[in-house]
Amino acid sequence: MKTQNNVVLADNTMTALPPPGSPDIEIARAVKPWPIFEVAQRKLGVAHHALIPYGHYKAKLDLAQIPQRKAGKLVLVTAITPTPAGEGKTTTSIGLTDALNAIGVSASVCLREPSLGPCFGVKGGAAGGGRSQAIPMEDLNLHFNGDFHAITSAHNLLAALIDNHIHWGNELNLDPRRISWRRVMDMNDRALRHTLVGLGGPAHGQPRETGFDITVASEIMAILCLAEDRKDLERRLGNIIIGRDRDNKTVTAADLGAQGAMTVLLKDAIQPNLIQTLEHNPALIHGGPFANIAHGCNSVMATRTALGLTDVVVTEAGFGADLGAEKFIDIKCRISGLRPDAAVLVCTVRALKMQGGVAKDHLDEPNVDAVIRGAANLSRHIENMQKFGLTPLVAINRFPTDDVKELTAIREVCLSHGARVEEAQHWAEGGAGAKAWQKA
Amino acid sequence: MKTQNNVVLADNTMTALPPPGSPDIEIARAVKPWPIFEVAQRKLGVAHHALIPYGHYKAKLDLAQIPQRKAGKLVLVTAITPTPAGEGKTTTSIGLTDALNAIGVSASVCLREPSLGPCFGVKGGAAGGGRSQAIPMEDLNLHFNGDFHAITSAHNLLAALIDNHIHWGNELNLDPRRISWRRVMDMNDRALRHTLVGLGGPAHGQPRETGFDITVASEIMAILCLAEDRKDLERRLGNIIIGRDRDNKTVTAADLGAQGAMTVLLKDAIQPNLIQTLEHNPALIHGGPFANIAHGCNSVMATRTALGLTDVVVTEAGFGADLGAEKFIDIKCRISGLRPDAAVLVCTVRALKMQGGVAKDHLDEPNVDAVIRGAANLSRHIENMQKFGLTPLVAINRFPTDDVKELTAIREVCLSHGARVEEAQHWAEGGAGAKAWQKA
Amino acid sequence: MKTQNNVVLADNTMTALPPPGSPDIEIARAVKPWPIFEVAQRKLGVAHHALIPYGHYKAKLDLAQIPQRKAGKLVLVTAITPTPAGEGKTTTSIGLTDALNAIGVSASVCLREPSLGPCFGVKGGAAGGGRSQAIPMEDLNLHFNGDFHAITSAHNLLAALIDNHIHWGNELNLDPRRISWRRVMDMNDRALRHTLVGLGGPAHGQPRETGFDITVASEIMAILCLAEDRKDLERRLGNIIIGRDRDNKTVTAADLGAQGAMTVLLKDAIQPNLIQTLEHNPALIHGGPFANIAHGCNSVMATRTALGLTDVVVTEAGFGADLGAEKFIDIKCRISGLRPDAAVLVCTVRALKMQGGVAKDHLDEPNVDAVIRGAANLSRHIENMQKFGLTPLVAINRFPTDDVKELTAIREVCLSHGARVEEAQHWAEGGAGAKAWQKA
Amino acid sequence: MKTQNNVVLADNTMTALPPPGSPDIEIARAVKPWPIFEVAQRKLGVAHHALIPYGHYKAKLDLAQIPQRKAGKLVLVTAITPTPAGEGKTTTSIGLTDALNAIGVSASVCLREPSLGPCFGVKGGAAGGGRSQAIPMEDLNLHFNGDFHAITSAHNLLAALIDNHIHWGNELNLDPRRISWRRVMDMNDRALRHTLVGLGGPAHGQPRETGFDITVASEIMAILCLAEDRKDLERRLGNIIIGRDRDNKTVTAADLGAQGAMTVLLKDAIQPNLIQTLEHNPALIHGGPFANIAHGCNSVMATRTALGLTDVVVTEAGFGADLGAEKFIDIKCRISGLRPDAAVLVCTVRALKMQGGVAKDHLDEPNVDAVIRGAANLSRHIENMQKFGLTPLVAINRFPTDDVKELTAIREVCLSHGARVEEAQHWAEGGAGAKAWQKA
């Protein structure tokens, strides 16, 4: 949260932080992280042997060793329809977690892992921002604990097995033109989108048109995030449809006997990753299915693990409430049996002005009418969430330019729908989020 | 070493091991590894903070924190010309290390990392065998500490930057048909050897013929293994020739400004990996350039680190002495300034019989004449090594079927060249190797 | 026309013909064609020296030598919306021409050349059928006088020049991905639709995605059919847009200087071809632009030549009147200045029943209601033609199964639109068509 | 022959020719050809009905109508090893034919048809040069009588049938990677050498690597030139190996049932073409197998037809005597039973100087020593021909710069091998060639 200040910290870590508005990386580097053993021990009650360290500040949680001693409450953070003005779901999720901990509530946050691909391109990191970040930030954006590499390997192993099968007699009578299983790479590489493989003559396979997707778009990424455990993962991997045979019948990974080897490659990747927020609270960052084409939430295994270790688990769903929260509820919850106990709907004054028709370079000017027009978007999202039985707490992610009248206008819209509303800088003080939660 | 027995162990770890001839994996699993911190502390004198753990039994050595307190001696293990009968360079290297430690000499072994690719194919693991293994064996064969994934990412990032450059105006006037930089994948996938990329129209790049090599064949793999440190690595990466422009002039990675980002991706991969032998002695497994097309030795950084931490460092070069040892000396040593203090030339009675013309299914039958004929190969390798100023100790990797007369024949050949010769089962008792070393 | 009988022949050639319903090829072979010199001399008044013979029964008309002594009237033959039941535009065109000649009117027919491609596939020949054919039928369907081969060569020469230009420095800065000029082949070859060319390394061009169309779909085919003469052809060829440069600007064949060589390759192809009907009347068969994507009429040069040599010229446009006749008028006529003096709209009782909802295997059963329902299609086509200022004569192509009440129903529909209507077997007797024309 | 002058003409056609050294096209256009009917009638005794005219100056000979009334003698024209200096086989062949006719011997010349491809590129026409040309020259170089187009169609029809077969179930179990039958085009188009076809998804065939050769390299070109008649052609087409099946067994065109349709496409192409020399003597130009990879001679059908119509038939084989004449004798003669009755070995003073080591820009300077050195090449070719039982007449194709001493040196070399030798300008006077023949 770029605008938050006056932070009350559990310890004094953040007192010497660069001022709000400093580059994320400067803020992140100014904080000395706790050894990850200490975060696990103090915040999750997880002992040393149940942790698989990756360096001193990252770890995986060994699912076989983790106690499930709590029955945490699940808070879903979603937002209005995204605009270039930005809303702040991730920072809100992290900020809310820190606020809850600040007032003594045991809370953790569950987020997606960022893709290596876009990080070398246009997008910034995916670990929050300002004073609501997960650290170590560089490691998170760079290989992290190897999950995406393992998924890439498992995905491409299946592809290699398919081409190998066709090459060696093609017992399954696969139609090379109807193989739907492509390859993946954790890289923004447009030249790989449409390729021809198997060229070079009979020793080098069968020519086929295919291509590469980014790893976050891998079906294995989605599967890993929906699986309950290694056995369930293996079953789901076997069910993958890889293409069709000459009779146009579907063929699965299990028909190739591929799921066992794929699962072996994923044996570490299924263990949830643990890092910490700037305030040393536990952040479980695990899985990253592409919100554009998959369900866009972190793994069921991480969420479930967090619910067994803290009283509150804050998690985020991609895009706006209509798309991301809907997928969260209709896919992740339906398959896993999880249910959100509360929902937070993030908006900003600026974004609502943009929804109300204000151009991007005029967002700093007060404009109550525009806010009211734009609040139609907010209203509909509140209504949508209510259809799922959840009346969201609306979190206004505050900016310095926000005008009191604008804030009041939003507040009235929320109240008219029976929704509670809080401003995000309160969370920084440990109050709003916590209170919001207590009443939710 | 499959045939070794009567092992004298530093501790009693191996007393309950499965009998010789048991599957490698059974033997490996029968040994409980020491926590890697303990190996580092007790065997290398490396403190906790200088170690970057990857789980409890693997670590990277933080080059910035590692003391260089010793000036170890370097022993090169090479072999006669390889045959399907097998010679045993890796097991000899590990066995020699364990033997040295058993008699109280501080020794470590430096080996290459195995490729994921072939491990899913025909070849077995690459961590030795029998009672001379490095553990944890599964982890070593599966992702290990992510080095190969990082190299793959750095390699393919450069490829993506090239195609991107051509796509966005091609300021360097690169000739798409003369790009020599391909892509890599740590996978045996014949269908990727010859590919076409950039298909699908103007939004998806420029059509080009290219392909994928296995990651061990990446030039970056070779570069990483020859680099002295991160800065040297970055310089070498910049010097990579990626292809030619329309005027047929070479173009480098530095012309694209790629070396910085590539180096960032390799920041962890350059740190040597530490695991342990079955007898808990330090094994530095780092880098794995393909012996077929590159120099085929582990990294200079690992070897140099080991030399600073133990009195003896045993390392191995791929293939026979003519090829592997020659590359070791002419490439790795010439570039790094390292020099072997002694050399071990591994052979087996069976392999020499094969060199002498005996068919594979008759290798169990005693045949002194064949051994003498085949020893011509051994002689020439001894002579080759002598040209480098090294008279090797010949290590006969013993098999139960070996006949005394056969062994005597080999011994005579060695002595006639002034080379010392020992039988490998002695090493298991801690004697031969150590003595060999003491006199070298 | 499969059903016609009682033919009155100018000479007695056809008296010994196989009965109606015999295979087309049997009927065609039963007629001994006149030497083509004789057809030219007696029916067109064209002397020996103005004819370029291709064998004894085919010729090209030497445009430079042909007198333009007449100002013929142009009759367009079109049809209702095509159905699988068949209508018979080509047979009607040929039959009408024969009928006119039979009653002493100097008339010729102008048709398209058939593609070699589909003739080896599903479709039958394209030279009419029954007793209304152009002969020699095999030659017409097989290479004919080489026009399609010449167009193929000219088309592919331009393609070769484009790839050559890119290969040798690409002075025009062509974007290989934005070349819209493909290649053609007079062959049904699906594997050539989407291809990659220029593979194999720097000596073999620049890899590009492209493909082959059938020759009738060549833009050169359309251009040749719209050109006035060789000079106009060359100008039009130069205007061909071949693709775009890196700045997204269009590039033409003239930018490559290609039009001269292309025109040389077409120097014979622009001369109209002359063969004969079964009744030895002149048939000018020239050009064959694909009706699916081009204008679908024979060449302007052939039509104009015929109008200078006979009093009536019957010609045909592809598909139904809405599409084919519209293209004829809006493209061929607009560009050339030609105008039809009359139009014939072909229908059959069977096709109208099909338009009225009768299934294909019930078309033999009398069904006046269905005919009336289906006549809505006929009505609309009449109205469409009237918008062009042409009230068509409706020609009912008679079948033996046609019922008198059905014929009456059609007649009434036509009369209600002020359109005249005749039955096609009358033409065979030389009357209807001629009378129809005289009043048109 | 560029240097000939003082020509004695059968009629006075050539008296007003442009002077020697004028461009070939000017000389060719200066001669008014006889109507081809007249050439056929007066020089071959072939009646009108046995001729299939292609315009007024080209024809095909209808094999079914041609009488075989003579048993002509066959003269093979070959040469020393070719140099950039040029030797003149074609001009010598035509000149010899004209000379024989000039002294009253009934003679014809049999040559290959030129490729359209190279003619648009670097090479000049292929119809001789100077005053020894076949006309009409432009037509010969441009489509000619459609033979190459027909061969192209037949070749590509087979390719289309192969891809079609694979597409529709692949009953023959063809391995798409082992199809050796490529496609052809009569065009120099490097981008087509290596292609991928069958792209675009299941509706568009099966992706395959293949490519296009030039039409003269088509196996069908070679087959057509070796076939005895249509039936033999069809049999040979059926024997074409198109590739291999999944069991690596060869598959033929007959397995696809393709040979019938291919033969139909070639029905006109098998008829030999007749044009005339500048002196109106018969030139049978038929077939053009690529000398680089095929046998490089005109068709057996043309040669045999000419032998039945004239007393002497002069024909040419590609390249030097070692390669071209060897192929002529070992392939064309062996398969057909034809045998040369005499051989002419063409050389020039300039070419022998080049063989003797003189640089190209010094060939105009007299250099007897170099001629003698270079004559080693001539000697060996004479000896080679003698091994076939033929002592060649050596024809020195005269240039104005030739020195008497040089000519004498060549003469002596020839005589020392028992070979007769004549200078080519004598032929122009009708003497040497004729005399040579009379003694052969």
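As written, the chains take the letters A, B, C and D, and residue 1 is the first residue of each chain.
The rule we apply is simple: a contact is a pair of C-beta atoms (placed from the backbone, for glycine too) under 8 Å apart; a residue touches a chain by one contact, two chains touch by 3 or more.
If you're wondering where the values come from, they're calculated on a predicted model, not measured in any experiment.
Most remote chain with respect to chain D, judged by CA-atom centres, is A.
Measuring from the averaged C-alpha position of chain B to that of chain C gives a distance of 74 Å. Measuring from the averaged C-alpha position of chain A to that of chain B gives a distance of 39 Å.
Spacing of chain A relative to chain C, judged by their CA centroids, is 64 angstrom. Chain contacts: chain A has residues 196, 199-200, 206, 208-209 touching two or more partner chains.
Under the contact rule stated at the top, the pairs of chains that touch are A-B, A-D, B-C, C-D. Listing the residues of chain A that touch chain D in their complex gives 169, 175-178, 196, 199-202, 206-209, 246. Residues of chain A touching chain B in their complex: 52-56, 116, 120, 142-143, 146, 149-150, 152-153, 156-157, 159-160, 163-164, 167, 185-200, 203-206, 208-209, 211, 261, 264-265, 267-268.
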